[in-house]
Amino acid sequence: MSNLSSSKYRGYEADRSKYPEMKNGKAVIDLDSHKYTKIWQGPQHPGVTGNMSVELIVNGDEIVWAKTHVGYLHRAFEKLMERRKYIQCFPLVCRICVPEPDTNEYCVSAAMEDLAGITVPEKAQWLRTLNLEMSRIGSYLMWLGGQAGSLGMGAIAQWTVGMRDFWLDLFEEMTGGRVYHMYMIPGGVRKDLPDGFKERARDLIIRTRRLLSDVENTFISNALVKSRLQGLGIITPEMVDEFGIVGPNARAAGRGYDIRINNPYVKYDELDVKMITSTVGDAYARAQLRYNDLHQSLDLVSEILDRMPEEGAIQAEMPNLVNWKIPPGQTYVKAESTRGEHGFYMVSDGSEKPRRVFARGASYTHAISVLEKLAVNISISDLAGLMVSLHTCPPEIER
Amino acid sequence: MEQLIKKIKGMVHLRAYGKQRDDLHFVTVDKAQLEMILAHLKNYEGFTHLAFLQAVDLLEEGKFRLIYMLYNYSTNVNLGVNVLIDRDNAEMNSIHKLWAHGWQYQRELHELFGIDFPDSPRVHESFVLEGWEEMPPMRRDFDTLEYSNRTFYQRPGRSTNDPAEYMKEKIYKNYPAAPVIRRDNE
Amino acid sequence: MSNKHIDEIENQMKLANESLPEKECSLFADDRPTTVGAFNKYYEGFLNWARSRSLWMLAFGTGCGATELRPLMTSRYDMSRYGIAPRPTPRQASVFVVGGYASIKTIKRIIRSYEQMQGPKYVIALGSCTINGGMYYDSYNTINRLDYYIPVDVYIAGCMPRPEALIAGFNRLKEKIRAGECEGMNEYVEKFDWYKKNQKQIIKDWNMPDYNW
């Protein structure tokens, strides 16, 4: 699919005579023939998303073979959590995905509550929903800056990353932390909202929308962006099942899978979440979809602020968390992050430390299998745009 | 879901079944019948999405437990298929023909747990570790603190405290001691 | 002094590059790095003033600390007003910001990038995890003390440090440069064997040249 589209949109027919021979579905590449060059993109490269690298073989400036190398950020969280008590896991888990740490916190606390059979009070659930949705906004704003920066539009990155900083200020008011919050703990949340938070949040929503209208004019409806992103990295509907693609990448390919709607958690079943899908499946469709999703997140935050109850408990009755023991069992809890299905699989053996924790990051397949497939037959200059449009986040791949 | 469990029971030897939530079920099957049941679930029952494949080290029993977490888009149900395999010379059949991203998890398990997946593509490549010489690090009997002390230079001055002891010493030091109850018959 | 004796001394000054395959040995330099002395007092003072005013930073996000570099680069905190600009390649950079924990696979690339930078060069280490391992002190894949592998000029504590702390750290680095105290590059050369021994202890598959020019 991707070969077809690239030639169609660029207005030229690629010269196939220079391409490597195909044998049994695999390209035969002879590096000694001096027709091909092997180059590395990353880990020390401004065009990669985070600390990862792609090994490329290029013919001219077209990529004929790609291989992803990850593991530069392996900190062995899963091993360390086996050595920590349950409550000591929380400082660790939020560091698994840096732009959006709250999904990790929610999944771990929900997994512990699921195993221990604890019900979270109503108000705490609303606060959790607010926190999760705000973190989605921050992550999307950062992604918008990254996607624009990968096409050489640095000014948009200046706007959106600057705007994300004001959302981080709200987080700081709400939780005390700027990037890592550790806001959700088993049984509820740590703090209620401060005074005047809702007014400031509503004000910030208006400012963000004003910024987004500028971004729409300069980025989404920009002819240059369209010509570079349309037809780039097409994900076909068949690939979704084959590669386990989730999140906006799958929704842009026509698969309506949003965990907030399919398996609603916290308060999403009472909120008006719409399934945003597209059928094109290229990088531009994904950009549009994420842009619309960002608008929906802003809608959801204002809806949550309106409907949140003023009074109520924010913590369930809990045993002493220092020596908390959870009955044996296994569970899998998932939540919709901006990259897709983010889940935690947790096994308890009845002691005060978890037996096994596994973090399933959505980028795990996007950054390795899918990227290696989509990177073939595109130009080197488009690779950065493709990586950002898959929204890969290396720390959640290798953990 | 009950019908599906009945159907699985009719097809394979179902060792255990557990329901965690309405949308999360676990079944345990035999190692030899795993590929068959996964192919059936994928092709006929709509469990087309492989969320992950992971392992749990059951050191006490000398086993590994593998979990194949499947998801059905039409019924919105997660089904975890568990398999127990031996810990010594652990080996498992590859599923890379069913799901194109299966090899990634198998490469990870090979490196971090030492489970071999013959004829899985790129399974012997390094995933996160470079030049690793010890036993696979995610095994339970690998002591990461001991390895860290042996290999990396610890900066002196780090101390750890048991929270209960620490609070007793620091916060409740000047509090009156708890009354000792004497019993006459002792 | 006989010719043979001079040859012996010269051979002692050469790097072995033992881990490289034979046909690649000739591609890399085997000269040991040398120290760079100061010029006369007034000229060196002027140079240090100039160096402190244009710090070009290597944009290599080695860890999660790189997240806070983005607000610092963009409009809200705007580090270009301090004369700091990100550069894409080590050849053009003078400051290496190590953004947090360094896993074994990353420290290999950090060492190569650091050695490729042209002098004078400075290192800022972010976060508790570069100071003493932080919360990853017992992890089998992250180092605990960065100053055993490359010389560090300024540490910024915190997990992760805020952009204001980063600005304070950069300003501290500027003060040190102006006072002529940032001798990390010369220290690396003087204690070269000690650094190499530490590096080779953790990087088990050492398959790169001993020094990258």
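In this document, chain identifiers A, B and C correspond to the written order of the chains, with residue numbering beginning at 1 in each.
Assume a residue touches a chain if its C-beta (ideal position, glycine included) is under 8 Å from a C-beta of that chain, and two chains touch if they have at least 3 such contacts.
What you are looking at is a predicted structure, and each value in this text was computed from that prediction instead of being measured.
More contacting C-beta pairs link the chains of A-C than the other of the two pairs A-C and B-C.
The innermost chain, defined by the distance from its C-alpha mean to the mean of all protein C-alpha atoms, is A.
A straight line joining the Cα centres of chain A and chain B is 23 Å long.
Taking the mean of the C-alpha atoms as each chain's centre, chain A and chain C sit 32 Å apart.
Between the Cα centres of chain B and chain C there is a gap of 39 Å. Touching of two or more other chains is recorded for residues 128-130, 137, 142, 144-145 of chain B.
Across the assembly, chain C contributes 103, 105, 138-142 as residues in contact with two or more other chains. Multi-chain contact residues of chain A, defined as those touching 2 or more other chains: 71, 74, 76, 79-80, 83. Those residues of chain A whose C-beta lies close enough to touch chain C in the complex are 43-46, 50-51, 71-76, 79-80, 83, 91-92, 95, 98-99, 142, 145, 157-159, 161-162, 164-165, 168, 178-180, 395. Listing the residues of chain C that touch chain A in their complex gives 58-64, 66-68, 70-71, 73-77, 86, 88, 90, 101, 103, 105-106, 109, 113, 135-136, 138-142, 159-160, 162.
Here chain C touches chain B in the complex through residues 103-105, 108, 131-133, 137-145, 148, 198, 201-205, going by the rule given at the top.
Only residues 128-134, 137, 142, 144-145, 147-148, 151-155, 157-158 of chain B touch chain C when the two sit together in their complex. Per the touch definition, chain B reaches chain A in the complex via residues 20-21, 23-24, 26, 48-52, 54, 56-57, 67, 69, 73, 76, 78, 80, 99-101, 103-104, 126-130, 137-138, 140, 142, 144-145, 163-164.
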